[in-house]
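Multiple structures follow.
Each of the next two complexes has chain A plus one more chain, namely chain B in the first and chain C in the second.
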Partner chain A sequence: MKYLDEYRDPELAARLFDEIRRITTRPWAIMEVCGGQTHSIIRNGIDQLLPAEIELIHGPGCPVCVTPLEVIDKALAIAARPEVTFCSFGDMLRVPGSSQDLFRVKSLGGDVRVVYSPLDAVKLAQQRPDREVVFFGIGFETTAPANAMAIVQAERLGLTNFSMLVSHVLVPPAISAIMEAPRNRVQAFLAAGHVCSVMGTWQYGPLVERYQVPIVVTGFEPLDVLEGIRRAVTQLEAGRAELENAYARAVRPAGNQPAQAVLDQVFELTDRGWRGIGSIPQSGWRLRERYRRFDAEARFDVGHIHTAESPLCHSGEVLQGLIKPNQCPAFGTQCTPRNPLGATMVSSEGACAAYFQYGRFIPSERVEVAG
Partner chain B sequence: MSISLEGWTCPAPLRDYPAIVMGHGGGGKLSADLVRHLFLPAFRNAALEQLGDAAVVEAGGARLALSTDAFVVRPLFFPGGNIGDLAVNGTVNDLAMSGARPLYLTASFIVEEGMPLDQLGAIATTMGAAAQRAGVALVTGDTKVVDRGHGDGVFISTTGVGLVPSGVQIGPERARPGDVVIVSGEIGVHGVAILSVREGLEFGAPIESDTAPLHELVAVLLEHGCAIHALRDPTRGGVASTLNEIAAASQVGIRLDERALPVPALVRAACEILGMDPIYVANEGKLVAIVAREDAERTLELLRAQPLGARAAIIGDITAEHPGVVVARTGIGGTRVVDMQVGEQLPRIC
Partner chain C sequence: MCLGIPGKVLAIVEDGGVRMGKVDFDGIVKDVCLAYLPDIQVGDYTIVHVGFAITQLDEASARESLALFHELGILEEELGASEDTEAGP
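Let's look at the complex of A and B:
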């Protein structure tokens, strides 16, 4: 497939592995910020083929994983209402709240639907004026422009039966929080390519300066990830801390400016809770006052819901890179994809689910296959 | 990583959901739990416990294969076929996976009030044609009508009976270390065809379901005496679930080569867009055969000589290592575990 196979070429991958091995002289801890990158690393077995000195720490960049329990509980309460059609991206359906998930709400008669775009939810609201259509607006800077457009579109259409449960989060404040954590071990970041395709790279220069940490904007295919790692290791070995763009085919320094304009029009900065991590100041977006009438939280009066997290689940430490998923005492026993305690075990992008799905068994020798 | 493989899956049956959720019908772990912990204890008998696509029983000196399947598909008509094709081919294929020659089918229809007769007629005509193509006769049936809103147009259930030739021993528990895994053609086609119409996705060229009867492919292999140990048609849950079922039933490990999987470009593209994995996507006209290594090349040639097997490929082999676990060699030479899905495959957020 064009534009994909080129970035999955086994021979080029082998050459990058060789190059990384050649330049690595010491142990380095590198965090890939985005869950999509974690998924690619485990799905392709990249971590097993890297030199032992390179440790990949899986970052907090999976939107499903970091959405706080409290927000999930609010979503469940809204979705259970008889007048509501609740629309969500697919993998949010399995994220457990404190006692159930959206699948369960659906099985009890809730009108819960998977959509591929928030604009599908707007269309649904237009077609069904008798229903309150609510979209679960979560995610990083990547999904936010489409959500912002959905709000703009709903206003343009004069819809009064559309609203959004917004829990957007932002990458740069998370990087700051990680660097300022007392137990931080991260020495370099692979920044999330899709986020930067929207926001550009200009937000990351100040982080490199302040924390003296290399940041390499990185894509998602195996060769993209390997190239990101190669550049990060090159900087670390040379004692440099710079901002590099290893995903230039999608990312420009200024980003997608029309998208940024609509984001600024619809959203404003707010403090945001991160599941398992806690509240990070100014780390999320909420609807601006002008669009507050589209805020599902206010419309359905769920502001009083407050929930605490499971004490068994260490997803916060996983998300901060303090432990690997399989170092959590509940991993694979009390906590499995079928009975997840934390969102990191739920999402296909979640670090724990990726470990469970792909990484839990490493054969004693390389797999040789007939044919 | 020093991790014991025991206790990886949660042992408590149906603990998570006190009521049925959609995932119980997804062909993954939730489906398997439902069978193992709810139906098996209630029905317990030796023929059922084989857990094959068809049960093989002896009656009047003959070895009969019996299978039943319910069909619920939305939309009823999709590129490459309709629910009628699936209802006939699905049961014919389940019979064929025991090595049986399919003979007779029954059909029951649960029809929703308001279903247009011309649509029901088109489905019946399709079923007749599919039965003729498969060489089976639809010999009895039943019709019930439910109130509008209590069905999705029509639900069809078919039951089939076939004869297993003497000496044929095929079952999911018969895979042995050293055997080779063959798939009869390109995977993921049916699931993507259904998704493309259900979700209104367009990919430039239409993608048609691969629904087809597979008994002739099986008959050719048996006629030529290929040492086939296990056969499955990888429908719901795709090739990944089928291989996991075989690995569990035979207590063997399966090594899969991702690069050898025949995945059409359109299926790959659709799966990339939707964040899905083709090995978990449903097929309706493909089989997975576990064959003795010495017969693998011959089996492949025989399959490739048939139109339905033209794109057959060897995709892996059976090992005594990691029993019950399917491990794939990835495109860039790493390895990963190919687990069974819990419920349905969910599109990823980004």
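Let's look at the complex of A and C:
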């Protein structure tokens, strides 16, 4: 087998593939929610080694990819201001806005910095009272506790020169939106393991009930993904729809309660636009009223933002699982990681970038499975 | 960014009212906020996202993941970003 040698435990991987092959009798479409899982699947050729009946649909779980263009454009406008030191996670720098990216703002003299943790930005604000330090607070429920704590800490320190451009997105409303889409083909979900480390699994039971869809909480190492797929297929074949936790070593049903408490203290639900997908009701977090003074959008009037997505980019369809990245005409030609037209080509968690990085240039290529 | 990396807690300190710690990711040591794991002790393993410990992990699983991440070069990729380094997924 082409890729099996690269697994941490090739024998276990082979056994899991065998077992999945043995139990699969019909076609099934399973969505992995998390971009880390997508990366793992493509890197290890999991989609190509699975029985042909099983299709993996790559979900919208790449925060860099779904951050709305309007928010990126606001970030660019704020970062370009002379009094601002703009801090961001590294993945955001090359995300194309309507006309440029943060990298370009930086090369034109903007004070744009990559930080490892949002607390680094708070520290910077403390050290540089002469600068307006803005942190780009994006991500799913995994990064939100860090961003929430940065706000709490900024308040504790009495900082007046720290603010955050918040664009958080949440997994459960995205699952609802996918299930309710008229063209939905997803029959089971691999839920994002680390999101559940924070939030627990309790949010997913009602989704399983409402949509009668199996949801398996899954890690993102190749063996974790395989085990998640095995459990999802087992349920599908048996006609069951249940919530299962295949990542119990890192996920407790209640999640991280101290983190949930701070999230609730700092954030409240809001409608949120998802790049390439559109608005999903109550699918994001924004700062609560009592923390609004840390809201960069309120602090900096960025005027009227005109957004313009590249007309060549099909990332919306990619993010909804309607096409695979290599079915986009621009894939690998006009659009590459060096010159990305859409956000899904930027982040290593984006489906287009994963397909490019691992040479998936031909649609629906499958390798012969020997042995 | 969204990937969580397992590491071992080497030290716990109080910094500006926040529970912080030093966490060892297979040789790379980083300052990590431990506020969300009030019970974690020195020697325990945890999964860290963007500088925050979010869940505890047993040693065996942590070591296995670390070995894999090391092999794949993910550790450097995730932890390499420091102030003013160039971006790169």
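Just so it is clear, the second predicted complex is superposed on the first by the 349 of 371 C-alpha atoms of A that agree within 3 Å, B and C clash if a C-alpha of one lies under 4 Å from a C-alpha of the other, contacts with A are read in each partner's own complex, and residues count from 1 in each chain.
What we mean here is this: a residue touches a chain if its C-beta (ideal position, glycine included) is under 8 Å from a C-beta of that chain, and two chains touch if they have at least 3 such contacts.
All of these numbers come straight from a predicted model, not from anything done at the bench.
**Student:** Scan A:325 for contacts with chain B and chain C and give back first, second, both or neither.
**Tutor:** Neither partner.
**Student:** Look at A:94 in the shared chain and tell me whether it touches chain B only, chain C only, both, or neither; answer first, second, both or neither.
**Tutor:** A:94: touches chain B and chain C.
**Student:** With the two structures laid over each other on chain A, which partner does A:107 touch: chain B (first), chain C (second), both, or neither?
**Tutor:** Once the two structures are laid over each other on A, A:107 reaches chain B alone.
**Student:** Could you tell me if A:10 is touching chain B, chain C, both of them or neither one (first, second, both, neither)?
**Tutor:** After superposing on A, A:10 lies in contact with chain B but is clear of chain C.
**Student:** Quick check for you: in the superposed arrangement, does A:45 touch first (chain B), second (chain C), both or neither?
**Tutor:** first
**Student:** If you stack the two complexes on chain A, which partner ends up touching A:333: first (chain B), second (chain C), both, or neither?
**Tutor:** first
**Student:** On the A-aligned overlay, A:68 touches which partner chain: chain B = first, chain C = second, or both, or neither?
**Tutor:** In the superposition, A:68 contacts neither chain B nor chain C.
**Student:** Looking at the overlay, does A:139 come into contact with chain B only (first), chain C only (second), both, or neither?
**Tutor:** A:139 contacts both chain B and chain C.
**Student:** Which partner does A:250 reach: the first (chain B), the second (chain C), both, or neither?
**Tutor:** Once the two structures are laid over each other on A, A:250 reaches chain C alone.
**Student:** Share the list of chain A residues that count as touching for chain B in one structure and for chain C in the other.
**Tutor:** 8, 36, 43, 63-64, 89-94, 103, 114, 116, 139-140, 142-143, 194, 337, 347-349
**Student:** Which of the residues in chain A come into contact with chain B in the complex?
**Tutor:** Touching chain B: residues 1, 4, 8, 10, 13-14, 36, 42-46, 48-49, 63-64, 89-94, 103-104, 106-108, 114, 116, 138-140, 142-143, 194, 222, 326, 332-333, 336-339, 347-349, 356-364, 366-371 of chain A.
**Student:** Which chain B residues qualify as touching chain A in the complex?
**Tutor:** Touch residues, chain B against chain A: 1, 3, 5, 7-10, 12, 15-17, 19-23, 29-30, 180, 199, 255-257, 259-260, 265, 268-269, 272, 274-275, 293, 296, 313-317, 321-322, 325, 327-337, 339, 342-343, 346-350.
**Student:** Within their complex, state which residues of chain A touch chain C.
**Tutor:** Checking each residue of chain A against chain C gives 8, 34-36, 43, 61-64, 89-94, 102-103, 113-120, 139-140, 142-143, 145-146, 149, 153, 156-157, 194, 197-198, 220-221, 249-252, 256, 258-259, 262, 337, 346-349, 353.
**Student:** Residue numbers of chain C touching chain A in their complex, please.
**Tutor:** On the chain C side, the touching residues are 1-4, 16-18, 30-31, 33, 35-38, 47, 49-52, 54-55, 57-58, 61, 64-65, 67-68, 72, 77, 79, 81-89.
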